[in-house]
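Let me give you the structure first, and then I'll get to my questions.
Chain lettering (A, B, C, D, E and F) follows the sequence in which the chains are written, and residue indices restart at 1 in each chain.
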Amino acid sequence: MQYVNDTFSHLDDQGRARMVDVSDKAETARTAHARARVRMAPRTLAMILDQAHPKGDVLAVARVAGIQAAKKTWDLIPLCHPLMLSGVKVSLEPEGDDALRIDAHCKLKGLTGVEMEALTAASVAALTVYDMCKAVDRAMVIEQVCLVEKTGGRSGDFRREEA
Amino acid sequence: MQYVNDTFSHLDDQGRARMVDVSDKAETARTAHARARVRMAPRTLAMILDQAHPKGDVLAVARVAGIQAAKKTWDLIPLCHPLMLSGVKVSLEPEGDDALRIDAHCKLKGLTGVEMEALTAASVAALTVYDMCKAVDRAMVIEQVCLVEKTGGRSGDFRREEA
Amino acid sequence: MQYVNDTFSHLDDQGRARMVDVSDKAETARTAHARARVRMAPRTLAMILDQAHPKGDVLAVARVAGIQAAKKTWDLIPLCHPLMLSGVKVSLEPEGDDALRIDAHCKLKGLTGVEMEALTAASVAALTVYDMCKAVDRAMVIEQVCLVEKTGGRSGDFRREEA
Amino acid sequence: MQYVNDTFSHLDDQGRARMVDVSDKAETARTAHARARVRMAPRTLAMILDQAHPKGDVLAVARVAGIQAAKKTWDLIPLCHPLMLSGVKVSLEPEGDDALRIDAHCKLKGLTGVEMEALTAASVAALTVYDMCKAVDRAMVIEQVCLVEKTGGRSGDFRREEA
Amino acid sequence: MQYVNDTFSHLDDQGRARMVDVSDKAETARTAHARARVRMAPRTLAMILDQAHPKGDVLAVARVAGIQAAKKTWDLIPLCHPLMLSGVKVSLEPEGDDALRIDAHCKLKGLTGVEMEALTAASVAALTVYDMCKAVDRAMVIEQVCLVEKTGGRSGDFRREEA
Amino acid sequence: MQYVNDTFSHLDDQGRARMVDVSDKAETARTAHARARVRMAPRTLAMILDQAHPKGDVLAVARVAGIQAAKKTWDLIPLCHPLMLSGVKVSLEPEGDDALRIDAHCKLKGLTGVEMEALTAASVAALTVYDMCKAVDRAMVIEQVCLVEKTGGRSGDFRREEA
């Protein structure tokens, strides 16, 4: 059961959007880990792994795109606070013969959580894989973008049962 | 069967990333329609629909975020070409009692397709829904970000069998 | 009387632009409240209020635009310092039968004031109202963009006599 | 009388925001001229003109800020189309002994008008003047941001009676 | 002899910055090739080539950074026109035992040249190399950022005698 | 001898790019000073100095471009951390009869150094000079972009022997 509270903190009591005031929150260490999967034809995955080995740039470009997107989350998600990420890591691993699993980890010492940064990094890395492979496989699907774990902050830790 | 060709056009013959030269492509009318689903607890969906009615901003904020993200796709996806979208539409509809379906439509008269713009709009609108509702439901999952249809361009039309 | 000092702090002693060094300033709580008015034909205002009720997005889009602009102030105003806003609120209310009043409130615990962030939020929200209504009323005027109040920082508090 | 039509083109028939489809509009030459005034204490204006002469950067910084903002209008105003401005000019002139008048001119050969680009350039140049002078005069007011003239496009020419 | 004309086209006749009006220029095919060198200790170059082989990301990250910077040139260089690059390629090759040579090629069918885009891509790729290697060699120098060749446009072709 | 350590901190042990975790670093005062030279025909330099005196905007535009680029370093250099610069200064001085020397100084109290910010400011100011003068002298070369000095942080101070 995930219900932390009953209100949308980004809305005021009349339902109007705001960037919620966090001035009084404590600065604490925070981490988030998000995941996405790109489901594709086995032949597409084989091509990626082949290109990635030894010198192809597919996975490196996706890693860079994910890291840069994490830093722009405040600009993409309208009510997110600007923050100064202290670390971002994006990794891509094959899963079975028809999927690439993307894990994004973000760290911060600050006033707000970094879940959105990790989710944005994973999503944009997945979109970048789609972009690089779409000429061979337009039917790829980005599946299961979700938060795996978060630590720190007033709302406490969260760990997804399965992912 | 989706294979259009056997090479990753974003890579040169040594596997190195480039923004592929489209100078010689013809300017044609292009459209793309992408979709994403946000799976959530029924109670979360009920709250969104409740807030959205009559004056809550949840869905409006997600629409705006999706539209703005479509315009920034060239900045988010490293090898995408800059382009001048001539129209973007993002809609969000409940699906069953535990999902929100997001449809993004993009249009362009230009040299390159707009699939990535539509997929980016749908993804960022979904992330924005997550952001606005995460205080009540951290276990939401963005499922099935995929291309539903595209028209125009040398590679021809594409329509997903089911979505 | 508003004169705080006799020099333009953004210029060095030869009149050359710089981003002034604030390394030695203390981190304090700061707030700013700015206001703008969009003067328009009564019929345009009636249409906005009509659209805004129950589901039209005019006011929600302007709120989001103002909040996002506040976060980009450092990128728009060349000599502004980057900072991490801890809260932003933009509200739009009808004033008489021919004006919309926009109030933007910004908060920060940091080294520099947030007046420019509040003024930028109010201005961009006003421009967004203009954009959404320009097809029906090109003669709208954005009037009286001004600082209503600020608190915190070395220069002390400020409150505009009337606004 | 300014009413061009009776609908907000940025909203669909249910009042939901969209970036309206302009695919079928003709590419025509378009211009826009917008104006803003910054009202200030006579002493502040004297200082600006003094600094501006011979080498102070106040007016140059405001010109650059206005030009750059014009290019970012699509990113600031959520439903504006991206476009490729072919020319931007921002000028600042004293008006009486207590105001600075800012005129922004934009040109484009394209599918959409450039009114918002000119209004954004004038507004951001005015905000930049405020920023540079706020240490000496916090009570400055940005007055009368308005469209002076536009040419080109389906809606025809517009010229403000007085400005 | 390189003098094409005697005036700075970005300034008006009073020396004030503007984005020069190119509305009347013809749309032609344009290319530019710029180059930069990063001079470093031989041991640093050996480490880069070592890391780059087989899977290290140093060169891929620099390529991506250069390509993305080319797309942002209009935002970095205040008086550059926005444009829609149709192709960008950035390559990095060792030169002797103590330098990395960076070549950036840009293409466009448009109203303005793409020299600044190629120079910006080469510069930012060089800065990215510096960033990735600075922990081992802070004394690296970016040397000789220059235009090698350009074609297209009213000012004709240019080819640097040596580079 | 500049070797501080033997590893590229931006890469993990498999050579994959990451934004390195600095959560545990101490917040210290940091400064960096970088330099670039733009070599040009003596006649071009004479024109710049002439235009710059008394009211031409060439040098002011380059100063503003450098300052703004410093603030965007995190967005340009993929593995740079976002940070909040507390001061930036860019100066341009003639050197001999055929060069303009650009010095950029950055300051921060934070977790990471500001060398990249200073180098980026100097590079973009140099590119802006190139842009403004390229119509009269396409053969200009940006030479010797290098770090002159840095202070603060775990790796200690650095001072270039000559520059």
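By our rule, a residue touches a chain if its C-beta (ideal position, glycine included) is under 8 Å from a C-beta of that chain, and two chains touch if they have at least 3 such contacts.
Everything numeric here is computed off the predicted structure, so don't read it as measured data.
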Joint neighbours of chain F and chain A, given as chain labels: C, E
Reference interface C-F: repeating pair among D-F, B-C or A-F with over half of contacts shared: A-F
Rotation in the CA alignment of chain D with chain F, degrees, nearest 5: 180
Chain separated most widely from chain A, comparing mean CA positions: D
Of all other chains, the one whose Cα centre sits farthest from chain B: F
Between chain A and chain C, centroid-to-centroid distance (C-alpha), Å: 32
Separation of chain C from chain D, taking each centre as the mean of its C-alpha atoms, in whole Å: 16
Residues of chain A engaged with two or more neighbouring chains: 16-17, 55, 57, 60-61, 63-65, 68, 72, 75, 78-79, 83-84
Category of the chain touch graph - line, ring, star, complete, other: other
Interchain pairs in contact, sorted by label: A-B, A-C, A-E, A-F, B-C, B-D, B-E, C-D, C-F, D-E, D-F, E-F
Residue numbers on chain D that touch chain F, as the complex places them: 52-55, 57, 60-61, 63-65, 68
In the complex, chain F residues that touch chain A: 12, 16-23, 74-75, 78-79, 81-84, 110-111
Contact footprint of chain F on chain E as seen in their complex: 2-11, 14-17, 36, 41, 43, 47, 51, 55-58, 60-61, 64-65, 68-69, 72, 76-80, 115-116, 119-120, 123-124, 126-128, 130-147, 150, 155, 158, 160
Contacting residues of chain A [partner chain F, same complex]: 29, 60, 63-64, 67-68, 70-72, 83-91, 107-109
